[in-house]
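Think of it as A, B, C and D in the order they're written, each chain with its own count starting at 1.
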Amino acid sequence: MPDTLTAPPPTASIPGTVLFDGSAAQKGYQLNAMCFSFNERANREAFAADEDAYCARFSLTPAQRKAVAERDVLGMIAAGGNIYYLAKLAGILGLGVQDIGALQTGLPVEGFKAMLLAQGRGQSYEQSVAEARHG
Amino acid sequence: MAELVGAYFTSHVPGIGGAIHRGDQETPYWKPFFDGFPPVREWLEAMRPDVAVVFSNDHGLNFFLDKMPTFAVGAAAEYRNADEGWGLPLYKSFAGHPALSWHVIEQLVADEFDPVTCQAMLVDHAISIPFELAYPDAAEWPVRLVPIGINTVQHPLPSARRCLALGRSVHRALASWPGNERIVVIGTGGLSHQLDGERAGFMNPDYDRFCLDNLAADPDALTRHSIEEIVRLAGTQGVEVLNWIAARGALGPAAVEIHRNYHLPISNTAAATLVLEPV
Amino acid sequence: MAELVGAYFTSHVPGIGGAIHRGDQETPYWKPFFDGFPPVREWLEAMRPDVAVVFSNDHGLNFFLDKMPTFAVGAAAEYRNADEGWGLPLYKSFAGHPALSWHVIEQLVADEFDPVTCQAMLVDHAISIPFELAYPDAAEWPVRLVPIGINTVQHPLPSARRCLALGRSVHRALASWPGNERIVVIGTGGLSHQLDGERAGFMNPDYDRFCLDNLAADPDALTRHSIEEIVRLAGTQGVEVLNWIAARGALGPAAVEIHRNYHLPISNTAAATLVLEPV
Amino acid sequence: MPDTLTAPPPTASIPGTVLFDGSAAQKGYQLNAMCFSFNERANREAFAADEDAYCARFSLTPAQRKAVAERDVLGMIAAGGNIYYLAKLAGILGLGVQDIGALQTGLPVEGFKAMLLAQGRGQSYEQSVAEARHG
C-alpha cells in the first residue's frame, strides 16, 4: 500500500482542513442559513441589493459578517461556514471553485489552476503547491 | 424476477454540466474525462435498465442543518431538480418508483437502519449529472429513480463500514423484489477532492487507485479507514466515496470490473468512472 | 463527572394539559392519575436534575411525511412549543444543551445509528406535558433539554430491540460526558391506547403490566414482541411504549423501581407513571 | 404470561386496525398534508371559510374529499389519513378523541365513554364493547 495511505491516528488534525462537525455546525448556523436561502433567486437579488440588510436579517455574527464583507473564505469557514452552502454565496460573488481555491491557498487563480494541472501530470499535491508558490 | 444488471459510478462535479451545456466534450481539457463515457453508454444500451437506485449526497438543496439526515430514502412519485443557488438551467425531472422505495425502506428498517423517508425530495446535480453523462440524447430519463442520500456534509458522517452495510441491506431488498424490472445501481461523487480550507485543491491518486482497485473484488478494504482517515486521504469532499461504497454494497457479494476511466483534474477533482457487473 | 439520577416515565395524553388548565386535578375522573405525581415531584426535588434527555414522538408538529425521520436528535439552543392545530395556549420553551446533544450524536453515529440531527426543532405536548406534571409551579423549566424523537407515526417503525439499543448507546454517551450535570432520562407516551380504526378505545392492562413489571429488571423482555405484535397488544398508539423502552436503555444496565402509578382510562388511554433509579 | 400476550404471527391482520405504512402514507399524502397545514390558525380559518376550495388547494382525492365532507373518520383512514394528522382536522370540526372513537366504533359518544370506563373497572375491551353495543 503506498505511503499516502498510511493514515495517522484519527485524533491528529489534518493540515489545512477544518472538519465541519457539530461545533462548526452550531457556530455557523446563521451564515449557512443565509447561504441556503440563496437557492432562491429573489433572495440572491435581495442580498445583492443590500448586503448589510440581508446579513442582518439572518443575524450573522460579527465574525461572519466581517468574513462575508471581506470575501474572506477562510474567515467564513472559521466562523462555521460549510462549503456546500458557501458555494451558493460564491456564485453570487462571481467566484468559481478555483477562485475560492485561490483565495484560500493564497495562490493567484492561475497559480491555483496550474497546481491542479501539475497534479494531473503526476506530481504530488505538496510538490505542485510548492512549485505554484515559489515558481 | 427483477434483474440487477450492474453498477455505474461517476464523479458529479457541477462543472461537468457546464461543459455539456457549452459542448466542450472534445476540448483538450474535457476530452479525457468524456472519453470515459461511450463504454458506459454502450453498456447501458445493452443492459437496458428501467430502474436506477442512486446513492449520492445532497449539496444544500434538499436538506439544511435544521434537520440533517444521515441516510435519506426517496419514496416520491416524481423528483424535480431545482435552482441550487446558481440560477442554472434546470435538469430534467425523474419519475420515481414509490413501491420499490418502500420495499427498500422496509428492508432497511428490518436490518436496523434508521432512514429518513422522503415522500417529497428534490434532486441536485449529484443525481442529474450522472444521467446527463449516461444518456446524453434522452428526451426524458429511461429509468425510474430510487434515490438514497448519504450525509457527507456534516460530521459525524456514517462510517464506510456502515455505508457498505447500508448498501448490502439495499441489495437484499432488490434481491427479494418481486417485480420484473431491470435495475442499475449508481454511486456518484468523489473521488479525491477538497474545496475548502488551506488544503483546497488537494487530490490523491494513490488513494483513488486503492479504491478503484478494490471496489469490485474487496470492498471491505475500503472500510478499513475511519471517516477522519478518509478525509485526510481523499479530501474533505473526497468523502463522497461513501456513495460509491454504499452502491458497491447494493450490487451484491461478488462483482467484476467492466470499464474504468480516471482523469484529473476536472475542476478541482480527480474524476473517475467505473462500471461493475455482478458475478 | 455527570450523574445520571434516574428515569421518569409518563403518559402524555393532550387532555392532561386541559385538565391542568381547568384545575381538574382533584376531580374524581382525574384524581387517580394526578395522585401519581407528588412522589415524582418529591423525587425530582431530591435529585435536582439540571438536564433532561427526553425520548418522545412527534405528533405532526415538527415532522411531516415529506421527510420523516426514524430517530431525530435535537441539538438546538432553544426548543419552542407551537400551535399543534388546536389553538391552545403554548407551553413554556426549553433551553437546550447543544454540547451534550452533539456528544450524544457522536456516540450514536459511532454505534451505527443513523440519526437526523436537528439544530432547529419544535416540541409538542409529548414533551411539555411530562414537565407540566413534574414541575407544576415552575416559572421556567429547571432543566435543559436534549430531545430524542422516535418514529411511532409511519410504519416501518424501529423495532423495540432497536429502540432499546438506541437508548443504550445514549447511555454510553451520558456515561462518558465530562460535564458535572445531573441528568434525568425521561420516556413519554403510551401505555396501551388506540385512537384510530374500528378498534378505537382498545386498552390492554395485561400488556401494560407486563411492560411495567419488566422495565426495570429485564427490559429485553419488551423486545420479544415485533412492532406488529406491539400494535396488536398495545394499540396503534400504544407503540409509543418505544419511547419508554429507549429511555430505559439510556438509564443503564441495572435499575430499580422507585414509584409506580397506573390508571385507566385517561381520555382513551391507559396512563402510567414510573420512576426508576440506576443501581 | 397472560393470554392477551400471546400474539399471533405478524402476518395476521389486527382486527379493526389499519397500520399506517408506506402504502397508506403514499395514498394519504394530500389529506395528511392538508391536516398538517392546520397547525397554522390562518389555514384552519381558510378551511372553515371555504372547505371545498381548501380541499382543492391540497388536491384531495375524491375518496378523501368525500370522507372529509361526510366527517367519515373510517373513510379518511381508508383513504390514507393518519390519526396524528387527522386529529388536527378533528379539532376544527369540534370533535375530541372520544367523538372520533364513537364515530369509528358506531357507538354513541356516551356509549364509547362508558366502554372506556368499563375497561377501567377491570372489564376486558371485548366485554366492554359488547356491553356498550347491546346494553
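Methods note: a residue touches a chain if its C-beta (ideal position, glycine included) is under 8 Å from a C-beta of that chain, and two chains touch if they have at least 3 such contacts.
Owing to the predicted nature of the structure, the values given are computational and were not obtained by experimental measurement.
Annotation: the A-C interface is duplicated by B-D among the options C-D, A-B or B-D, judged by over half of the residue-numbered contact pairs being identical. Chain pair with the larger contact count among A-C and C-D is C-D, by C-beta pairs in contact. If each chain is reduced to the centroid of its CA atoms, subunit B and subunit D end up 41 Å from each other. Chain centres here are Cα means. That of subunit A falls 24 Å from that of subunit B. Shown for subunit A are the residues in touch with two or more other chains, namely 21-22, 25, 29. Listed for subunit B are residues 65, 105-106, 117, 119, 154, 156, each touching two or more other chains. Within the complex formed with subunit C, the subunit B residues making contact are 63, 65-72, 105-106, 109-110, 112-121, 154, 156-159, 162, 165.
Taken together, the subunit D residues at the contact with subunit B in this complex read 21-23, 25-26, 29. Contact residues of subunit C toward subunit D in the complex are 15, 59-61, 64-65, 82-87, 153-156, 194-207, 210, 225-226, 228-229, 231-233, 236-237, 263-265, 267-268.
In the complex of the two chains, the subunit A residues touching subunit B come out as 1-5, 7-8, 10, 14-22, 25, 29, 32-33, 35-36, 38-41, 44, 73-74, 77, 82-88, 91-92, 97-98, 100-101, 104-105, 112, 115-117, 119-120, 122, 125, 129. Those residues of subunit B that touch subunit D in the shared complex are 75, 98, 101-102, 105-106, 117, 119.
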